[in-house]
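Next, two complexes with chain A in common: one pairs it with chain B, the other with chain C.
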Partner chain A sequence: MIKTVIKKGAYFDSVSLMQVAKKLNAVPGVLDSAVVMATKENKGIIKASGLLTPEIQQAGDSDLAIAVSARTQADLDAAFKAADELLNKKPAASAGGAARKAAGLDEAVKMLDGANLAVISVAGRFAGSLAADCLEKGLHVMLFSDNVPVETEVELKKAAAKKGLLVMGPDCGTAIINGAPIAFANSVRRGNVGVVAASGTGAQEVTALVSNEGAGISQCIGTGGRDVKAEVGALTFIQALKMLASDTGTEVILLVSKPPAPEVMKKIAAEVKKIKKPVVAVLLGGAITEKIKDDFYPAKTLEEAAYKAACLGKGLKIGKAKELIYDMNLKAEALAKKEAARKKHSSCLRGLFSGGTFVSEAQVILPELIGAVKSNAPLDKKNKLADSMKLSGHAVIDLGEDEFTVGRPHPMIDFALRNKMIVSEAARSEVSVLLLDLVLGYGSNLKPLDDILPPLAAAFKRNKELSIVVSVTGTETDPQVRSRVVKALEAAGVLVMPSNAGACRLAGEIIRLGNRK
Partner chain B sequence: MKLFESELKVVNIGLESFRQGLNDSGVKSVQVQFKPPLVADAALFAKAAKHGARIAKANAKAMERILAAKPALVGMGVALDVIPGMRKDLILHAGPPITWDRMCGPMRGGIMCALMYEGLAKTPAEAEKLAASGKIKYEPCHEHNAVGPMAGIISASMPVFIIKNEEHGNLAYATQNEGLGKVLRYGAYGPEVIERLKWMEKVLYPTLKAAIESLGRIDLKTMVAQALHMGDEVHNRNRAGTSLFYRAIAPAVIKTCKDPETAAKSLEFINGNDHFFLNLSMALSKASLDAGREVKDSSVVVVMARNGTDFGVQLSGAGGRWFTGPAAVPDALYFPGYTKADANPDIGDSAITETNGLGGFAIAAAPAIVQFVGGTAADALSYTLAMYGITAAESNIYKIPALDFRGTPTGIDVIKVAKSGILPFIDTGVAHKNPGVGQVGAGVLSAPPEPFAKAFEYFAKNLK
Partner chain C sequence: MDLISYGDSIPEGEYKLHSAFANALNFRRGKMLVSLVPPRTGAGPLNLVLKQLPLGAKRLRSTRFYFYIDENRLRKEPDSLYSSSVPAEDADPETVRENIADLASLLVKKAPPKSLAFIFDPKLEKHFTRVFEKHLLARFKKAVAYFLAGNDSRGVKTMRGLGLGLTPSGDDFISGLLAGLNFAKKCLRFDAETRIERIYFYAEGGNLVSNSFLRCSYEGKVSAKVRRLMKALSVKNRKELAAAAAAALNSGHTSGADFCSGLVFALFQEFKSPD
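Moving on to the complex of A and B:
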């Protein structure tokens, strides 16, 4: 059936009307429609479509004609309602400058006068040449993308150094520049501790801990994990050290890395020696035995390093850091005793981590308490898990490894896989403790509680002896608000610790005490 | 190294969520709409970069010539008499070269119409047979200094405008625009179409020819510049251009035409066709761009044209070589009764306007047709602004009021297109895919990637 409405003297330009007709035709049940000014030419055009009704034929140049052919009366009514809405649509706010996207790099630097940093997170195969273009335009670069060939990394870093520019990455997850969190980073206090980190999660942990301890971060420069390998030779790491050494806002320098290649370590040590500021360093899984300089403070864990830097930053004695950790341990021991008392059959620890550096830190801390720990990312090859999906004994898993992330977002954003494993591991009677990390901040899952609470509840339901220990990396000013997350987890029966090291110690202690009985 | 002392300002390329932390910290940032490059071979880009200074110099020379061109309408003539290389058995068409068997419906219809108009065939069936017989030859308008909208058909007896680039002396040709509805350029070949063409030849042509001769010349360049200030982009909207042309020609028509009835009919014909100016803006663009041809090492695009099957591109530094790829169907608004299923792939030489910094490249100047590009004036601005990223220069005369009279993005640089993945933006009319039906809508589209990828590869490989 066809219905016609004539609106006398209602002028619309023809293109608007075509737009309306296009949308009307998408209304379910509408077979065809014409929305036109009833001019002679338009009448001729719609004649072919069979919509030239007698009403339209009689309408004049200044009349708006709407004709709709539809299956049922209800469809017709819906179509005319839609037409009214479309014709009365308020115009969108015009010519917004800031919200506009740039079509390319050229336009971007024109739009943002004085742009000085490019953050690149496109697919790796495009990232290298894009980074080169950014350097060409005088921009510092943070290369979040991975899968950039090592030769490209070296080329970029050498080209950058010539221009006095910094290349953070590739595969650099975290940076804080001039107080602004970049990519996966937390909202931290500004202060006098400058961080150079070859590990994104490590950087998040130390900056959040320093900030939560009442000190602050001047700058946090990420280098990408490969920077400290022999092929790259710490090009960015050394450059970052120099930048922090001469930065007036930085009074304490904190280094975070996995153990560099030996010759690279020598270069870093030589550079550190030149710095006239106290330097704290944590090389997870590697000890620094060399006496580099008087005010050089090695640390075994991210937590120790962060607290040492925080104390130095606040002008306190470095020994205060050990006290902080000691106090935390006292509380943890009491908790551990209570938990261990509940265990009758279970004895194994399973760590399911979204942050790779936490897996390393867990392997630094746990063996002293519970013996060998297997991993898909082992510090020692002999502890390599045969199958990352089949866990036995004590095991800690990095869910950010490529084997888990192909075709999936990072586990800090998408909890689905870990949630599944939380429930399935809890269902095993030998599992006594689940050890988890929860990394807050920008870039990460913005509603972590919505996603993690249901599997945690299911886990407790399936395993009456289960303890769940979680470290929450983040701050009060993070979008997720750390205290809110901690409160909800505790209400769900989770044992929450301020640091990953603390969580590892608590989890290890529960197992140790439980197995001693 | 001054990063720590400066205000942080971030260009974010990739995940948009990374801007939240920056926004919350009050850091200014701009999001780049990343597109992958058209060509995967990084070595070719490296080679182009190595010769960058020489290419930039060549492009500057090509652009200087294109921008300095002074196209004016200087006369009219019959195709056979004035178009170089024109013959009675030759039909010129839009876009890159194509054989009859690969031609789309509207182009075939247009050719059949031309054969009947020329008296070479009496019926459509006869015309189709002749067209396919091999006795009629087909060549691109562009290879004869001419341009034609849609099917772009020019046959021997058709009258054409003669546009002279007064700066460099080269000429360009285009037919008179037939108006909307059932017309040859959309592949219609009914008796009324041929009748109109005959009228245009016998009545309109001599009238306009005499008027133009009495005026001597009509400066098209300033006319287009003014039209842009009046809401045209002179591709999809030619209302202002047509009005300005009418104002220029009307007194001369009255003065030179002996029969008032003929004068009135001729002027009414122009007045009744908002797109009358299109063919002139196309020929103006052609005359300008041809001046930028044959500059060694220049990566500037001097032709974008479609034949309804293929989209073709020519480069200043690559001679008359065509680089082609399949033409796409425009994203359009359709006249009542028609849908995308009826649409023919993109067709016509009219993308010469975009090549010359007009049309889609100047859409920011034409707020009246922003519905084609998303509905808001801001969308139109965005499209024009994006084109600055792939062009070698800005127009010295075609200016956009809404951009504080910035010159339109002009001279597509194929290296920039290949590298940025930003494709030229074209607005256009849409033909029905079957011959004889005519226009079914109007819309916009991005040029297809293949021709530009091929052109860039050829250009980079032949750099010495």
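Moving on to the complex of A and C:
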């Protein structure tokens, strides 16, 4: 008994065709089968095998022919059912891609009835008009794209505000909305701490630390770094503040940013004054001198801000945050003494970061311990590195800067460049400590250990006295599972700290103690 | 959407979606087929390697300085251009001879069942079990016999369009033959031009995807994986040869193995040739 099916103009990749052939041959009662493109030559073989039917004879080179010979009709039916299941299976989405396809915005909106937020990641030139279309359709917008002109950004944000909508970005890489991590974000507990962040990595660090400390996040609204510049005037930052102020699920507000323009800072401060909820703020590299209101808590580092917000969120006294940091410092000091004791020489620190905000934080913490630190993204222009590829003295590098990312993925995803630098910097006799960040979560490298452990081993091999200090930003429920990553790094001889600030203090302390010998 | 590399053989013009797989989106313009592929597939003369495949993409346009994929514009950065020519460095014939013997052994060990690697070890014929497969095997063997007898035209006519896969195994084998002969011409300075013309004359069939690969091989344009393999054939480095072979085999199901079988077969024949 023979049955044939022709799939006209249907293209299946070879692996699928082989799977179908294998499956057909495994069906009990199937005597012979062929799953081939109906070329003239294959038809010859099909004929010689006694499987040729008029349908196959009429099929063309671009048609797929499935021919089965089986003992009974039931066997034939079972065989074709198995074939159909495999051939009709939707193609697997590529990494990070969506399985559902939409030809354009209209179709996407129709396909996902009830959606109220659009994430836009297209070339900057097109992102503005697409964002405007989304606003027209009543969607909040997260603009992952960068290179959107500043005038477009202002226009979009003003238009959105009129409609009561939010435009996060451009260049906004992190948000957690109603518990859903979007783009580069961590899987955090839900809770009562609301975050407004003009810094992606900063947002990831504080939300992960708050969550790891047992508190939770109500919302994390990203604004994009340019929002707090004078040209934009913190349009989204202030709108987000207002939203969190009126959000019943938010009891504590945490602000993260690099220092805003002075006139923008005044606007933000005026808005903060109106809020009847405690506000914690970290403006890396910029001090807040004004006592804005009684329950306003400035912080110097992301870690301090996160712990303060977590304590407030849990109803604990704010002083508990200092205790947490003090305890961590004690551990770091003990570790630093041990590390410094095994070194004959100690001189320079090199920080190789994938997160730009961590570079700023490092420049806030390290100078107090080891003096001037140079960088490709300096907080103070006088500390600008002359050449980002030739490091000298104490230096911290932001590998996410444009000079390193042209033509290659972000260093949080692709470790290749940093891995090279880890090995090459370790080989330099003057380098005593390598300071790294490792950011976990959605969007980041899903198998960071596979990529980072080999260069770390090579670095230790090249420099026996080297200390490598790593901060791991993430949570237990992240796809990479923070504790697994930490355990593997520690087993490889790496000193792991729960926060970037903690890692900076440990790295700085090792250098300080080592150089004192 | 980031463009990691683009092939050097993609003509300017408008392309329409031809077929979509999890690992490739094929766009057609006339007889030309251009593929959007992820990094693991690698660069090729007609490939645009993208960090992430835009699964819903419908249109592709190539202009002098840009590619447009639906509404996304991607600049043709000179650094991202993939030069697909068969390597032109002179190779030591003895080294190549040793390496192709090693490559044949690797194929026997690593090729998936039912590929054309059986021509290097008859033990692999045992994988062709069903009646249809046995007939297929007999036909393959007939084609190979024609090639061995120096009757390329009969060999190609028997082999083309034959076998399993989206690009039938026979077509992949012929692509490999053409690539191998181009390698022999460019790196070993063998006089392979006449055979290349003779084989290609009969090679094309009605399968657009196969024809696209055949045309590239005929013109001496190969994918990055094959280029790496060809470079490995020219030097004494067994480790690199094994790594390059493993990468080249990792294409389609049997496609990689069928192509490599053709390449090795062509080079074996060239070395045996009395000329």
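Following the convention adopted for this analysis, the second predicted complex is superposed on the first by the 417 of 517 C-alpha atoms of A that agree within 3 Å, B and C clash if a C-alpha of one lies under 4 Å from a C-alpha of the other, contacts with A are read in each partner's own complex, and residues count from 1 in each chain.
The working rule: contacts are C-beta pairs under 8 Å (C-beta built on N, C-alpha and C of every residue); 3 or more make two chains touch, one makes a residue touch a chain.
These figures come from a predicted structure and were not determined experimentally.
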Touched partner set for A:F126, first chain B, second chain C, both or neither: both
Which superposed partner A:A21 touches (first chain B, second chain C, both, neither): both
Partner chain(s) touched by A:S429 [first = chain B, second = chain C, both, neither]: neither
First, second, both or neither for A:D247, with chain B first and chain C second: first
Contacts of A:F144 with chain B and chain C, given as first, second, both or neither: first
Touching partner for A:I45 - first (chain B), second (chain C), both, neither: both
First (chain B), second (chain C), both or neither touched by A:D32: both
Contacts of A:T72 with chain B and chain C, given as first, second, both or neither: neither
Touched partner set for A:G60, first chain B, second chain C, both or neither: second
On chain A, positions contacted by chain B and by chain C: 13, 15-16, 18, 21, 25, 32-36, 41, 44-46, 48-51, 91-96, 101-103, 121-123, 126, 130
Interface residues, chain C side, partner chain A - complex: 1-2, 4, 18-24, 26, 38, 51-56, 58, 71-74, 77, 79-80, 114, 129-132, 135-136, 139, 158-168, 170, 205-209, 252-255
Touching residues (chain side chain A, partner chain C) in the complex: 11-18, 21, 25, 31-37, 39-42, 44-46, 48-51, 60-62, 67, 91-99, 101-103, 121-123, 125-126, 130, 407, 409
Residues of chain A defined as touching chain B within the complex: 13, 15-16, 18-19, 21-22, 25, 32-36, 41, 44-46, 48-51, 91-96, 100-123, 126, 128-130, 134, 139-140, 144-145, 164, 166, 177-183, 185, 187, 218-219, 243, 246-247, 249, 441-443, 479
Chain A-touching residues of chain B, taken from the complex the two chains share: 1, 3-4, 6-15, 17-18, 20-22, 24-25, 27-37, 42, 45, 180-181, 333-339, 368-369, 371-372, 375-378, 381-382, 385-386, 388-390, 402, 416, 420, 422, 441-442
